[in-house]
Amino acid sequence: MPHLTILYTPNLDGAIEDGGADIQALCNTLAETMAAQRDEALAAVFPIGGIRVLAYPASHYAIADGGAAGRAADGTGEYAFVYLNLRVARGRSAAVLERTGRALDACIKRHFEGILTERHIGVTLQIDEGDEVFNARTSSLHPLFARD
Amino acid sequence: MPHLTILYTPNLDGAIEDGGADIQALCNTLAETMAAQRDEALAAVFPIGGIRVLAYPASHYAIADGGAAGRAADGTGEYAFVYLNLRVARGRSAAVLERTGRALDACIKRHFEGILTERHIGVTLQIDEGDEVFNARTSSLHPLFARD
Amino acid sequence: MPHLTILYTPNLDGAIEDGGADIQALCNTLAETMAAQRDEALAAVFPIGGIRVLAYPASHYAIADGGAAGRAADGTGEYAFVYLNLRVARGRSAAVLERTGRALDACIKRHFEGILTERHIGVTLQIDEGDEVFNARTSSLHPLFARD
């Protein structure tokens, strides 16, 4: 943890200059933003070895009214959508979660700034605190970041 | 919101006439069903700009006993599975959620009626009320549907 | 139910002998492990017709520091990650859930034993008890396993 899963419409794939949303760059910048979060004691909010961002374009999708309002407004009816769900472990303060959410949201708003003016797109970020009843980890990743 | 995520086995891809389940048509009809829901005051249960259906075929899967019982019953051992998870925001009445669930379930049962008699398939629909600790939205979609 | 969803980095695709993690074999062995679970009364913990494992490689991802620590340690900076989320219905005892989690975790540790020594990989298993507000099932699968 933290795990950020991104579900999005495949019409966002591709580089920004080709009309896409460069979802790989979004993954990178969100991971960096998570790594940069500090709590009240200036300690890292998230262990760096636990940061994971995974993004998935849907194979099929239907958004809103399917395009009618978009066509009525500007001639295209293609909608795009990105859902970002961050699952964190229990135990962080409400203030830390709020600040983390705002930092990620700022990052998202920067990333989609240009696209928002050119396309009909919805982007939603939610943070869930996991309430798992069992948790187990097997890792050769965390030891890379173990404190000496 | 609402977000309906569909996870399914890839042996359902393809058109109905080719033995598939036409998951794109399922996405469309579910989005329309969500848009058509009305509450006790005859207001839309869901803002139309917030309706999102995303469907994902799995790359790998294992179902039930892996096919033994299916082979024993009819010679094929290929199972199919569809999991539909609708996440809605908190605050709707139990009656509205129940009615919405029944409407979606009826839609699903219609869609899979023929397939159920020809294949071994499981379809599960669940509705979750999100209990997110942070929520943020960036959208050029919702304004299309803003009330005057 | 139970539904086990596996999200993983695509650099794990492929057979073990080709440096992959054989995710299909992992799905199979996890399904068998779920089917083998017994409760205090020696009854099956899960109905066999309800066992579903679906695995999804991400299209884009960012893990930890993006590779810097891995490169500093051994020359490669490629990280891998697997997230396994098992969602079960409410109503099983804490002891049964714990034992099920341990059985799945043992299965995972065996599967990734060799890979853990050769690659930087994180594997996380979590079990969630669903708290759905609506649930509906349509199935031609369960009848295959109906008790006489």
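So that you can tell them apart, the chains are marked A, B and C in the order they are listed, and the count of residues begins at 1 in each.
To be clear about the criterion, contacts are C-beta pairs under 8 Å (C-beta built on N, C-alpha and C of every residue); 3 or more make two chains touch, one makes a residue touch a chain.
Treat the numbers as computed from the prediction; the structure is a model and nothing was measured.
Shared numbers divided by all numbers used gives the overlap of an interface; between chain A and chain B this overlap falls below half, so the copies present different residues. In the Cα superposition of chain A onto chain C, the rotation angle, rounded to steps of 5, is 120 degrees. Taking each chain's centre as the mean of its C-alpha atoms, chain A lies 23 Å from chain B. Touching of two or more other chains is recorded for residues 56 of chain B. The residues of chain C lying in touch with chain A in their complex are 7-9, 56, 58-66, 69-70, 73, 79, 81, 83, 86, 94, 97-98, 100-102, 104-105, 108-109, 112, 116-117, 119-129. Residues 1, 3, 5-6, 13, 23-24, 26-28, 30-32, 35, 48-57, 130-142, 144-145 of chain B are the ones that touch chain A when the two sit in their complex.
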